[in-house]
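What follows is a set of structures to go through.
In the two complexes that follow, subunit A is the common piece, with subunit B as its partner first and subunit C second.
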Partner chain A sequence: MGEVIVITSGKGGVGKTTTTANLGVGLALHNKKVVLIDADIGLRNLDVVMGLENRIVYDLVAVVEGHCRTKQALIRDKRYENLYLLPAAQTRDKNAVSPEQMRKLCAELKEDYDYILVDCPAGIEQGFRNAIAGADQAIIVTTPEVSAVRDADRIIGLLEAEELKARLLINRLRPDMVKRGDMMDIDDIVEILAIELIGVIPDDEKIIVSTNRGEPVAANANNSLSGQAYINVAKRILGESVAFLDLYQNQSFFSRLKKLIGFGS
Partner chain B sequence: MNLRALLKALTGKQDSKEVAKERLRLVLVHDRASVAPEFLDKIKEEIVCVISKYMEIDEAQTVINMHHAEGTAILEANLAIKNIRRNLR
Partner chain C sequence: MSKLAVEFKGTKDGVTIYCLEDASFSDILSDLAERLKQRAAFFGEASVKVDVGQRKLTAKEKAALKGVIEENSSLKLLSVQSAKERKKAVVPAKRKGETEDLRLDGFKEGRSLVIKKTLRSGQYIRFPGNVIVLGDVNPGAEIVAEGDIYVFGTLRGIAHAGVSGDRNASVVALRLAPTQLRIADVISRAPDDSSFPDQPEYAYVSEDRIMIAAITTKLGS
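Our next item is the complex of A and B:
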């Protein structure tokens, strides 16, 4: 019996889709059967982040409306053993699917797959309601910014009301900015939100490069700190206890120089 | 004290991360209270209950709300007293 995890945030643009793609790859690399569902109907994105946009035939709405069988709509990612994508419909709106239909779909997929990751749309309306409907637990993505943390707090409240277990993923942390006192640190955010932390992903140019190519960074985790961090989150989902990466170790020459002349902390 | 800390001390400027934390704390107090409308009602009910042991309160004229002032969140309760009980001591 599989587990459904919704990736949500409230605020848009904090990295839900990138996170969904990378955790999917990370779990598939650990020999789990994984389905990624793009629940952002009308604003399909997970397909391009995964590099699977040219292979779409059916979509989520076609499945719930019964135009095809679920298996027909799943796109297998040939680069990994057991990774599938169920894309969102591009031409419909969020009301094309109901929470009841999502619950049913998730229950069906749980029979055959180990993990079903649902990429939730931004906001707290119908699309959010649909995305969390079939979920067993949630990962809340935030960035170290006032607006993103505020929205995460709101989402935590809504998930608590649904009695969904939620863990926090802090994305785009910039250790250099934290050090000079211009960015909230991990502890600050965890203290304010009072929620369990599942991972911290450093801000990394390689994320943009990998999205350009449609190859999630977790696929070549040795090449990037962000890829490693995502693999660690995947391991924590699997129940392993993995130490958090020391994001402050890789100091640039410039920051060492600044420290030397007494201008760094 | 390094140069950065010294500069900050001299200019009296706070780290922007501290400003962010303070602003967040305040805004979340407000958000959490206003998201659950029954929250303030419940507080009102219980305050009236406690005060009623000593005074007769006009519940219809009792108002409770939350607002910000000078960097803190303030819970304001205005209770209209109808009568104070005589047999208090």
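Our next item is the complex of A and C:
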């Protein structure tokens, strides 16, 4: 019996889709059978980030409307044979799917797959309702910006109302800016949101290159700090205890090290 | 309900009102009045020509026509012309051997939809005939046609020609760089490491596969 994890944030552009793609790769690397569902109907991106856009024939809406079998719509990743994508429809909108249909779909996929990651659209409307409907737990993505943290807080409140367990992933952290006092630090964010931290991903130019190319950074984790960070998050999802990366390694690291020790379990 | 006596046609110079040959002059006036009332807001202050066909109008009839137009709309009457004064349709030039490499049997005449804009992501066109796009088709946009698809621009999205099973249908584009091409029941996708030639190409089905060929023009030969 698999587990459904929704990747959500409230705010747009904080890295939900990138996170979904990389965690999918990370879990697949650990020989888990993984399905990524793009719930952002009408503004799909996950297929592009995965480099699978040109393979789409059927989509999420086709599945729930019964035009095809679920298996027919699943696109096998070109790199990992136990990683699949269920793309969103692009020519429809969020109302094409109902929470009840999502719940049924997730339940069906859980029978055959270990992890189902749902890439949630920005916002708190119908698309969000659909995305969380079938979820067992949630990962909240935020960036170290006041606006993103504010929205994350709102989302956590909504998820608590649904009794969904949520963990926090801080994305696009820039240690140099934190050091100068120009960016919120990890513990500032954790203090406000007060949920378990599952990972911190450093800001990385390679992410932009990789999303443009359709090759998630986690696939070549040795080449980038962000890729390694995603792999670590995947391991934590699997229940392993992995130390947090020292993102301040090139800085005045003694003072930073002290901070990290607080999270380093 | 009064019989249809006039026809409106939009041109780049304004509106032309054609009076049908078999309609009586009084029918023309009443039909014109009625339809102008309905569409006055739509036409605005466009300029209008009236084409009376073969008939010859007296000065009084012309004045009546002008009166009806001015009374029921803000259109500006430029002139009244007869069939003889109509501009001749542009005759296409014939070039020898121009389409030598095209499998012409694949292309069919028929109902066509002309889209004069770029189709963007999420836009979906389905038409029971040919589709002609004067613009690009971007990734995420989809055209589904029962006939052929012609893109006078770059085709980057999905094109599905011959959707009801016609394997002779074709897809033509000035630059063919689609996410996916589908003809009838045959689907192909772009190669993962693709570069697309900068010249017009067309796609057709041959032995269960979609083939792409360049359209070469041999001018003056």
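By our rule, the second predicted complex is superposed on the first by the 250 of 265 C-alpha atoms of A that agree within 3 Å, B and C clash if a C-alpha of one lies under 4 Å from a C-alpha of the other, contacts with A are read in each partner's own complex, and residues count from 1 in each chain.
The rule we apply is simple: contacts are C-beta pairs under 8 Å (C-beta built on N, C-alpha and C of every residue); 3 or more make two chains touch, one makes a residue touch a chain.
Being a predicted model, the structure only gives us computed values, none of them experimental.
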Contacts of A:108 with subunit B and subunit C, given as first, second, both or neither: neither
Which of subunit B and subunit C A:188 touches, first, second, both or neither: first
Contacts of A:3 with subunit B and subunit C, given as first, second, both or neither: neither
Winner by number of subunit A residues touched, once subunit B and subunit C are compared: B
Partner chain(s) touched by A:91 [first = subunit B, second = subunit C, both, neither]: second
Touched partner set for A:215, first subunit B, second subunit C, both or neither: neither
Common ground on subunit A, meaning residues reached by subunit C in one complex and by subunit B in the other: none
Sites on subunit C touched by subunit A in the complex: 121-124, 139-140, 142, 179-180, 187, 189-190, 192
Subunit B-touching residues of subunit A, taken from the complex the two chains share: 145-146, 149-150, 153-154, 157, 178, 180-185, 188, 192, 261-265
Interfacial residue positions of subunit A with respect to subunit C in the complex: 42-44, 51, 53-57, 78, 90-91
Complex interface listing, subunit B residues touching subunit A: 2-5, 15-18, 20-21, 23-25, 27-28, 31-32, 35
